[in-house]
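As written, the chain order gives the labels A, B, C, D and E, with residue 1 at the start of each chain.
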Amino acid sequence: MYIGQVAGTVVATVKHEAFAGHKLLLVERLDLEGQATADYDICVDVARAGVGDRVLVLDEGNGARQVLNQQVAPIRAVIVGIVDDVMLRD
Amino acid sequence: MYIGQVAGTVVATVKHEAFAGHKLLLVERLDLEGQATADYDICVDVARAGVGDRVLVLDEGNGARQVLNQQVAPIRAVIVGIVDDVMLRD
Amino acid sequence: MYIGQVAGTVVATVKHEAFAGHKLLLVERLDLEGQATADYDICVDVARAGVGDRVLVLDEGNGARQVLNQQVAPIRAVIVGIVDDVMLRD
Amino acid sequence: MYIGQVAGTVVATVKHEAFAGHKLLLVERLDLEGQATADYDICVDVARAGVGDRVLVLDEGNGARQVLNQQVAPIRAVIVGIVDDVMLRD
Amino acid sequence: MYIGQVAGTVVATVKHEAFAGHKLLLVERLDLEGQATADYDICVDVARAGVGDRVLVLDEGNGARQVLNQQVAPIRAVIVGIVDDVMLRD
């Protein structure tokens, strides 16, 4: 899992019912200083995240399907939580 | 999943029936500004994408097989949709 | 698996019971000279690691679920051990 | 999948019968201009590729095992085809 | 799979019986000129490799478990062979 920030939304005509009813959020991966890196994922969201939120992203297919409780879902990255706080040692 | 752009097609003599009837599209991964990166995937397409289209790529084997409804298919990346719009926060 | 160092903790409202009772530790990946790289993982911990500890991280979903003995757990990275010593040839 | 070029062969004493009878080919990953990148894979070959051939590489364990029709095979990358042509848009 | 060189050993208190009896070897990934890259894996060894040996590393969880004949083993990278020779085209 990694810490990301919701940077926007993607509208796409997607050929699979697993996406029905799910917003596709575009999440930038953050580094440890909270800065956006060049990496991003198009995520399905189960934590009601909004644009600008810091989130926890699970980027693993089997795990993503389990979160969505859908054995058959072509989904690889899921927002599993909203980050409240990150405490780093000095 | 990531946003890509169809950059061309690949013609290859492939030793597996799972590819029969499928075009192999060469998709460049785009960054958040819509520019092509050095990363690319050879994709099977289920969204009737054409060269130049902006597309959603699922790059995960188990998920790809589910989209194609083929339990046995040596396929890792599938075009699952055509991107209509990307809305990024300011 | 790789060698990491626990750099801090993450507090997040996470939508899956698999995380219940588990601290989320932020682990920086170390290079062979023991220096932190830009890579990190948010890990579940089964080795009672603390901030500053050098740890062994397993970053693979199926393996992570087996360590936690949870067939259904959206978890990708687990701290499986505390590193006592690294002996490198000259 | 990606486009690679067979750069050589590897001779190794390998502790698993799944490799019996298979040549291990060293394949460099090519970029879209056909130039070798720093990435490479040691591949099992099912397309009768030879050194210098441009090939299609499937780099995913479950898919690789399906191509080889071996449920139990510690193989991650397989040459699944010989590239005849790559047509890139201008 | 890739070509690596055993650079050392790791001693760790690991919380899973699958590691019992296995040395943890630290393997640097080599590039095609045989030089060490920044990438490394902590590997379980089934080829009786020693420090300094050039080895074949399988870095894929399901495949690694099959080599070890352990369905339940939180292991991602295994040394599957000792490299005898690498022949590269001119």
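The rule we apply is simple: contacts are C-beta pairs under 8 Å (C-beta built on N, C-alpha and C of every residue); 3 or more make two chains touch, one makes a residue touch a chain.
Listed by chain with UniProt protein names: A, B, C, D, E = Carbon dioxide concentrating mechanism protein CcmL.
Predicted model, so just to flag it, every value in this text is computed and none were measured.
It takes 145 degrees of rotation, in steps of 5, to superpose the Cα atoms of chain B onto those of chain E.
The centroid of the Cα atoms in chain A and the matching centroid in chain B are 20 Å apart. Averaged Cα coordinates give chain A a centre that lies 32 Å from the centre of chain D.
Contacts with at least two other chains are made by residues 61-62 of chain E. Taken as a contact graph, the chains are arranged in a single closed ring, with each chain touching exactly two others. From chain B, proceeding by way of chain D and on round the ring, the chains are encountered as B, D, E, C, A. Considering their complex, residues 7-16, 19, 24, 26, 28, 38, 40-43, 51-52, 61-62, 72-77 of chain A touch chain B. Within the complex formed with chain B, the chain D residues making contact are 1-3, 31-32, 37, 46-47, 56, 58-64, 66-67, 78, 80-89.
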